[in-house]
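Listed below are the structures to be examined.
You will see subunit A twice below: alongside subunit B first, and alongside subunit C after that.
Right after this comes the complex of A and B.
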């Protein structure tokens, strides 16, 4: 006997769509409040002169941008520092990460131990890491200088001399973060079929030729991701500088993210800080686009 | 002249011996197929010949050279991999010319040899494409082309057709056979597909658990299998093996060797007859119609299942009582150890 079935009020497609939105909504609402909201707000703040203490925002148009880009010499000094930091950190980090990955991508006794050792700093608290290195890099009595003394080298006061301070924060930051890129490279290396290497070996390619002609080109997508992420990360560096040098000596390590923090939360120039944050966003975006375009051209 | 000679070849991975003393002579220009079930060591043996794995013991000669300690690139072999191993970032032209570039062959000569190989394999229109833009069969041809340009003395194929669909496999099989005829180079081919082995080989090497079970021409292996293993591995559907204890009605009119413990007969050599015409009877349990023939599964009165190929008229119904008959010359007798007697 045929049963009469009453048609549901909503179509199947509508019901499925509602269910989907139900599942997505917690994340979506969080995204709106904590990500999109502040992003929109920062555009507004950047056009105001807003002193956090007076709680009064005055609309000033593009004055904050004009101030940063054309009037305030500190800004360009800070950008220069950030660029030096990135130029030092990104190639060093990537070269080290790739070398470690090449050494640790194949199984051998103890490989997990070494991977853990190199990855451990990534999950260590950045502040704790910086404090430990600050002690180790002390001019007198620091572990690094003591070790140098054993081999007859009189080490500098690393974090107090402008030239050395930047090098010291770069190297310690690289050691902290290299494990992450190493893992990305290991994953990429392991996804390259062994057959390619074997086919090349049969054709007489040396290990260096295999790396140069097969492995390195096949790593290109990963290299691009690592390069973009590391560059962005290097422009955003804050905690490391905050703890190790506080931007000193003589503003020698005062980088953009730390400068924004200073302007916003030390001098309470929220409007100016917001404008600086947008400029940093533009710089990072431009650098990323350049990297992506260069890579694409290289691959074509 | 490029003979390949294997003398008591052994390969150990740690304490596990996967190749356990292989002796084999491959003649110049011969097409030899290594066949066997998964894990029998056929690919390992091929990799030992190629130089991608080190030989633990024994001697390997290619031509008149002992090559145990000769690096892979200098053995004069080229290999076609199961995955094709085409470099995804290089065009077909660059893939094919890769080895020549490594060997610093001048660009002009390189281009000539790539064009020649491309012409042989009808790859000319594809030379500027990337592997991702090719079909499975085209990739396979490029992989073969890459092997050809190096002018190797020995070609090694490691299950080259296993990633292709059935139709393309048949087509590529004939292309490989034609290529062998044209080049007349020694070819060693690994497969687990006995049809491929039968159709391509001058000589088949059946491997089992790291040892050679039998070597012979396809005809020899099919008609004179040395063991039950070979008898059942070569030929499709596989040979029926029936125990002889208590007397086996199939051997009714044959002289049975004294040491025989079992008897084998191929499904294509069994014909269906009326139950009253034979002592070997049973019930039809399954009939698999393949178009040209029907494969009949008959449960014998003794409980064993016997396969028979039926290619005349309508197949009997499931459950029908049938008789099975064969000529005495089609019977194979095996002893307790599974060896032919």
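Right after this comes the complex of A and C.
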């Protein structure tokens, strides 16, 4: 029984490659349409003066950037607010996360309970979180000021005084997000071999020395990741501000992401909002690069 | 084969018919999601459908907080609704962008419509140089809601009793608010509209007293807040917040509807919240001031988009929805702008929650009331105003300087 076998039209390699493309294509097409597309579009939009309502887009070159960086005083006020927010939030968040992780990385009775308690705010709705805090931070009837009153402190009207409002949004945001960094630190701490610590103990090192000379350096890669992610997150903060202060009082908590939202979705200046978003991207990118470079130099 | 042919032909015919039917669907965006409101609107639409076979009408609810934003994005995305419920503050921007159709000719050509029946002040925002951009179907005055129990407890006459004696004015308002606050520790005499007087409703907080004193927020491209009448009004409010402590202060929650404030300003649609409130209540006119009575109204109108595929049909739908009969039906929820309906017994008896004599003051306020000043750049004006108004609402603020600051911030935008 002789059967004629026709030669395969495709080589095995080509077929495999085609199959591979076929399998990745749903994701790849999605990536092109929903990620790369908008990313490219935003560069175009940023060069137009586009009022959504009148549907007129005029090419204005770099005018939007020039206006934001050189002519619009609000922009620098907003950047300043974002920087203050980040400067307050990142160190506080990281210090608290590390302290919690150090306390909760070793097993003891009830450790899971405490980890859950500190992680729970991370998975709580950001809006619900902000609303509850808004109530707790009321000037007279708020729980926070009532507690302060018990110890004889006359608390401020937290969300109505610009400086206190900024402090309040930073601290409530830290409590909300610290659990995530805590988990990252716990994972990193648990991956440090115990032998190092034991060896150091045998050599007579104190706990502080062990932390300084062993734990902290070995946590460096995690610290970098956490620092970068938290910084990016702090520049992108929107929901928290939107619900708690709406950028007020007296624009004291008007941060960059909220300002972009205002320009794009309240004033419908889509081109200007796109330019601001690109500026924010550049700022975050620059900060990330600086952090990576500093860390690299430290390690050398 | 023959059967297959028949099947194919009838399928094609059905397809064609369904496309035709689809082309005749009118989409109406509204902000209400209330079952009762939608049932009423669908009932009105049924009458229109009966006269126009093959047409369907679909009401699409868009939540009020995002309403104008979503409408704008629908328009920008080439998917404008046929008919939209347009809020007063958004109207000038849509009008000036040339997005709205002139529905005047359709309305005037509709048999029995009687366009002149609409109260002229109510139409002011929707007509320009003979062009009609919309028909107000909700012209809702600002009213004082009061907690009768709290007034009784403090042994005070309520605002309606005071109004009947002609004593319901700004001075009396301050006086009773103070007395009630003193009689109800931990509660307040007055709460600004929706508790948002220091945020999204900052102008709604200022407008009624400013008008009662004879001032205006802005008019003819000029900021009015720094004028003496407005300053006097704002000073009174500032005193009430920080000296008398009779108005819920910034950063505090004192919800009227939960019984934490004795009075608030709101519109008639909020009456639906009152049966659950658990206290005796009433509505009264706004207190008058040195400039007499100055009713304020909030408005929404039905508008037709110029870019709609069925705009002529959509204009006819608006004519149907705002006919005399249908305006009378809608009056139970949305106060009418038709004089004939306002003056009718049907209107004063339309709201089961509000006694007829109180509804009469609603009707009077609609006829005489003026809307919030409008501007095509309202979002920008509010954004510029907001930080300056924050500065005003501080205990140690110099009111005169603070309102000058507000004017300096918004004048370039006016």
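In this section, the second predicted complex is superposed on the first by the 293 of 300 C-alpha atoms of A that agree within 3 Å, B and C clash if a C-alpha of one lies under 4 Å from a C-alpha of the other, contacts with A are read in each partner's own complex, and residues count from 1 in each chain.
Criterion: contacts are C-beta pairs under 8 Å (C-beta built on N, C-alpha and C of every residue); 3 or more make two chains touch, one makes a residue touch a chain.
No experiment lies behind these values; they were computed from the predicted model shown.
Asks: Do subunit B and subunit C fit side by side on subunit A after the overlay, or clash?
Replies: fit
Asks: By the touch definition at the top of the document, which applies to A:249: first (subunit B), second (subunit C), both, or neither?
Replies: After superposing on A, A:249 lies in contact with subunit C but is clear of subunit B.
Asks: Is A:193 touching the first partner subunit B, the second partner subunit C, both, or neither of them?
Replies: In the superposition, A:193 contacts subunit B only.
Asks: Of the two partner chains, subunit B (first) and subunit C (second), which one does A:21 touch, if any: first, second, both, or neither?
Replies: neither
Asks: Per the contact definition in the header, classify A:218: touching subunit B only (first), subunit C only (second), both, or neither.
Replies: First partner only.
Asks: With both complexes overlaid on chain A, does A:209 touch subunit B (first), subunit C (second), both or neither?
Replies: After superposition on chain A, A:209 lies in contact with subunit B alone.
Asks: So in the superposed three-chain picture, is A:53 touching just subunit B, just subunit C, both, or none of them (first/second/both/neither)?
Replies: The second partner, subunit C, only.
Asks: Tell me the contact category for A:201 with respect to subunit B and subunit C: first, second, both or neither.
Replies: So A:201 only meets subunit B here.
Asks: Once both structures are overlaid, what angle do subunit B and subunit C make about subunit A, taking C-alpha centres and a multiple of 10 degrees?
Replies: Value: 150 degrees, nearest 10.
Asks: Specify the partner with more touching residues on subunit A, choosing between subunit B and subunit C.
Replies: Touching more of subunit A: C.
Asks: With both complexes placed on chain A, how many Å separate the closest C-alpha atoms of subunit B and subunit C?
Replies: 52
Asks: Shared contact residues on subunit A, subunit B side and subunit C side combined as an intersection?
Replies: none
Asks: In the complex, go through subunit A and note every residue touching subunit B.
Replies: Per the stated touch rule, the residues are 193, 195-196, 198-205, 209, 213-214, 217-218, 220, 299.
Asks: Where on subunit C does subunit A make contact in their complex?
Replies: 69, 72-73, 75-76, 93-94, 96-99, 186, 198-200, 249-253, 379-380, 383, 386-388, 390-391, 393-394
Asks: Can you name the residues of subunit B that touch subunit A in the complex?
Replies: Per the stated touch rule, the residues are 50-52, 72-74, 77-79, 81, 83, 85, 87-89, 98-99, 102-103, 146, 150.
Asks: What residues on subunit A touch subunit C, complex-wise?
Replies: Listed in rising order, the residues of subunit A that touch subunit C are 51-55, 135, 137-141, 157-160, 246-251, 262, 265-268.
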